[in-house]
Amino acid sequence: MDVALARAWLDAAADALAARTEELTSLDAAIGDSDHGVNMNRGFGAVRTALAGASPAGPGAVFTLAGTTLVSKVGGASGPLYGSAFRALGKALPEGAEVDAAAFGAGLRAGLDALVKLGGAAPGDKTIVDAYAPAVDAYDAALREHGGDGDGGLAAAARAAAGAAAEGMRATVPLQARKGRASYLGERSIGHQDPGATSTWLIFQALADAAAT
Amino acid sequence: MDVALARAWLDAAADALAARTEELTSLDAAIGDSDHGVNMNRGFGAVRTALAGASPAGPGAVFTLAGTTLVSKVGGASGPLYGSAFRALGKALPEGAEVDAAAFGAGLRAGLDALVKLGGAAPGDKTIVDAYAPAVDAYDAALREHGGDGDGGLAAAARAAAGAAAEGMRATVPLQARKGRASYLGERSIGHQDPGATSTWLIFQALADAAAT
Amino acid sequence: MKKFINHPDAVVREALVGLAAAHPDLRVDLEQQIVVRAEAPRAGKVGLISGGGSGHEPMHAGFVGLGMLDAACPGEVFTSPVPDQIVAAAKAVDGGAGVVHIVKNYTGDVMNFQMAAELSGDEGIEVHSVLVDDDVAVEDSTWTAGRRGTGATMLVEKIAGALAEEGADAAAVAALGTRVNEASASFAIALTACTTPAAGRPGFELPEDEMEVGVGIHGEPGRRREQLRPAREIATMTLEAILAAKPVAAGEDAIVVVNGLGATPLIELYLLYGEVAGLLESAGVRIARNLVGNYVTSLDMAGMSLTVCRADPELLRLWDAPVRTPALRWGV
Amino acid sequence: MKKFINHPDAVVREALVGLAAAHPDLRVDLEQQIVVRAEAPRAGKVGLISGGGSGHEPMHAGFVGLGMLDAACPGEVFTSPVPDQIVAAAKAVDGGAGVVHIVKNYTGDVMNFQMAAELSGDEGIEVHSVLVDDDVAVEDSTWTAGRRGTGATMLVEKIAGALAEEGADAAAVAALGTRVNEASASFAIALTACTTPAAGRPGFELPEDEMEVGVGIHGEPGRRREQLRPAREIATMTLEAILAAKPVAAGEDAIVVVNGLGATPLIELYLLYGEVAGLLESAGVRIARNLVGNYVTSLDMAGMSLTVCRADPELLRLWDAPVRTPALRWGV
């Protein structure tokens, strides 16, 4: 992964979140407060702007800047969570213009750890974690299985991660929320797909798309 | 007209206004403030209660009490207007347990005069006057034509009055209001039947019904 | 109809029960249906009385107290009070200096207050009246009912109330009230109709993309229906209608009220105030004082009214004078 | 969507422009998106900071001023503010005695304020926090996000604000705020959903004859849906839910707030207050102080929340202490 791919990923994520703003907001209307789409779109739009005006030396710097921007532009629950995850990812990556797929995978896991540390959610709580955790596991498994040399390995691992994120996202539907705003609904949160898990899938799908090209 | 007929009229009016409360309120919703039916029902209900607890010596006392009750229970535009009209009617009638049809007719006209003096409306302004004035004219004309002896004369005159009130009421539809709340709508008041003219018709129709039996 | 009520007939009475419980410093007479300032009557002080249909809360009962009204007479919803209430209020507050009626210009209000004035006069109470007719959406004419009284009523009550508190006589208080009314102009826009408890459904149907322009405070339709427009354009058209009536000119001071009609959130009212303030500045008018909030409402109507009142040093001094009522409170 | 706005993205900013124009005694920093008391920072005075998503007006910006908040940090509609805002507010109000964050218990608010506290700490500002979680509609549990912070926030801000004004230190102010929160319980009912500017349509559909029971202040559905009931029964069920949490017992004093969620007219809130006051009297609880009005709102949601706070002489003294803010004002 180099700076170009890091930028391409965040760009693709911004595009996807912009295109799906209404959908994410509708999901949040059902079990939250109708702002997740707008929050994510505002945040990744700001990331795009921040990156356009910056010359980060490596992917680590790209993600740190993205995370910092998310923290200072999004607010709500998703801002600190995604912001911390991206900052942790950025800080976990080794210096240099390029990092290998394994280091990137370790970075993704550092992001997950930061998010879990901040939000305290466990798998099954109906949150971002339900898509993010299986995505990281699938990424690692794919690397282990197929090896991680070059961007081909990263592309395959990212594809696996996106698939697992999608599955995790869909698996939030029958869950009763135990964290975040949806938890206030108690049993009424059952039967709805979690908005945060959905944006996480979009972000991993954007990674897969960016890595594939 | 004796006390029994006077009571029967006000009773029939109270019944009719209770039955048509929603209709009057709907008419008022279109060009006013949605309270005319409730106002009239509250007022004539109070008149019924007041009369139940009173032993007026003649029809004059019946109408004076009714008018006073309307003034103190209705409020709005219709309270003072109908209240003053009934008080003037009551005060115009000669003392005694019974008054003849001509005296009653003069009383009705005194009521109209009081209402016009208070409200300042002219025929064509889209108000109570548009039903009340032709009703009194028709009453007088019927008496002149057919004579006013006994309740038979009064019954026929009342029938004529009710018919004229109905016509006057319907004729308010194309008018632009110049008095009362409907005047605020300007041209938008055109095409709607005036609520006050409608309650006036109901009251004259109640007179005709009571006098017929 | 979705309302926190028990029965449509009991709304006004039960709300007064709540008002009495919430404000032990007011005397609420449920029998006479009047709300009276605790200290009334005060010897030598003119008694300020207002009233009108209910449904405009906090007006009028929320304006009873030090520096404002001595009594309020709430009628049924959107129905002017009856003379008995107004006479009872006059008796309760007259301290020998007479009373001043503050009457919004509606046929029903005018007639009921007029009848009450005659009855109070018969009882030896001197009655003066101020007629409020600030709504420039309605054309003034001697052949019609004339302009409506709306948002300026609060300004009249505050400013005349302050003068009465200072000990002025009834004629002076009434004259000042009239002067405030003449210096004021209002205009209102509705985004939805309101629902009276008795009617149980909205007074009119308004499509998602339309607004009623030039509405009053009784849920009636406005002068015309228009496409919904951005706040900036709404502020512009509202202010244009008001300035056409010339309440205030460039170089002068104004008191400005951006008032919610009942169901419009404060965030929208502040946004509108920002637009209005910018436009008035461009017009060279200085906003000396302002209020933003729900003061003269129309039940659950979403909408706003703008009131502009030309201010001079006397009016500003009286506006700033202490007031302690449920809805307006400063300087004490 | 029928709102007085120009563009969904600009609502918060443009409302702040209006707030600034309406209240020249507040410092509104549009760049940092914070609202600061004019006199801040005051040497030796603890700075009280609150904030949260916009759409709850007058909370929080309407509570900035003498005797209450030193700064408010309004986020986007229903979105907690970002750490940068909160740090900017801390810098603006810290007079050397540190700051107290008043945080409503929502995941987003908690995390953003926590991040800000760390950053402010790095800048040498002592930060204490009060977490408000008064909404008894939500069960408390360490496994979930816990209870929401709703109507009691205003009480915490008023009472802690009064103590800060008296010169208490940050730890004492925070401890008192926490005590007010623990003494309080709230419960809310919605008759309609609200519409955020960004979403453009109501968050849920509610039939004409149904209500949402146990809602928060972010337009989310409640704990359950029920048939609409008369005000008396709604007051009863709301109060029962609150008293089950035992904020107050027979023989004790309480501060009671009947709060509108934004689109409910005052006449209904007073009617509800009458019901609540009667029920509390029967329960042997004395209402020492009350407020009836729109203080902690949820945009254009029709609904109400009830907050009951056990009061002791110290809390009452601080409740009565002077306050001068756009939305609460007495004693000065």
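For reference, chains read A, B, C and D in written order, and residue numbers begin at 1 within each chain.
The working rule: a residue touches a chain if its C-beta (ideal position, glycine included) is under 8 Å from a C-beta of that chain, and two chains touch if they have at least 3 such contacts.
Because the structure is a prediction, the values reported are computed rather than measured.
Undergrad: Which chain has its C-alpha centre farthest away from the C-alpha centre of chain C?
TA: Relative to chain C, the chain whose C-alpha centre sits farthest away is A.
Undergrad: Taking the mean of the CA coordinates per chain, how far is chain B from chain C in Å?
TA: Going by mean C-alpha positions, chain B sits 32 Å from chain C.
Undergrad: On a C-alpha centroid basis, what's the spacing between chain B and chain D, in Å?
TA: 55
Undergrad: From the mean C-alpha coordinate of chain C to that of chain D, what's the distance rounded to whole Å?
TA: That pair's centroid distance is 29 Å.
Undergrad: Which chains touch, pair by pair?
TA: Pairs flagged as touching, ordered by label: A-D, B-C, C-D.
Undergrad: Within their complex, state which residues of chain C touch chain D.
TA: On the chain C side, the touching residues are 1-7, 11-12, 14-22, 54-55, 57-58, 62, 191-192, 208, 211, 228, 230-232, 234, 262-275, 277-278, 287, 290, 292, 294, 297, 299-300, 302, 304, 329-330.
Undergrad: Could you please specify the touching residues of chain B with respect to chain C in the complex?
TA: Touching chain C: residues 25-26, 29-35, 37-39, 42, 71-81, 118-119, 178-181, 183-186, 188 of chain B.
Undergrad: Provide the residue numbers of chain D that touch chain A in the complex, in ascending order.
TA: Per the stated touch rule, the residues are 53, 75-84, 106-108, 111-112, 115, 137-139, 143-145, 148, 196, 198-199, 203-204, 216, 218-221, 223-224.
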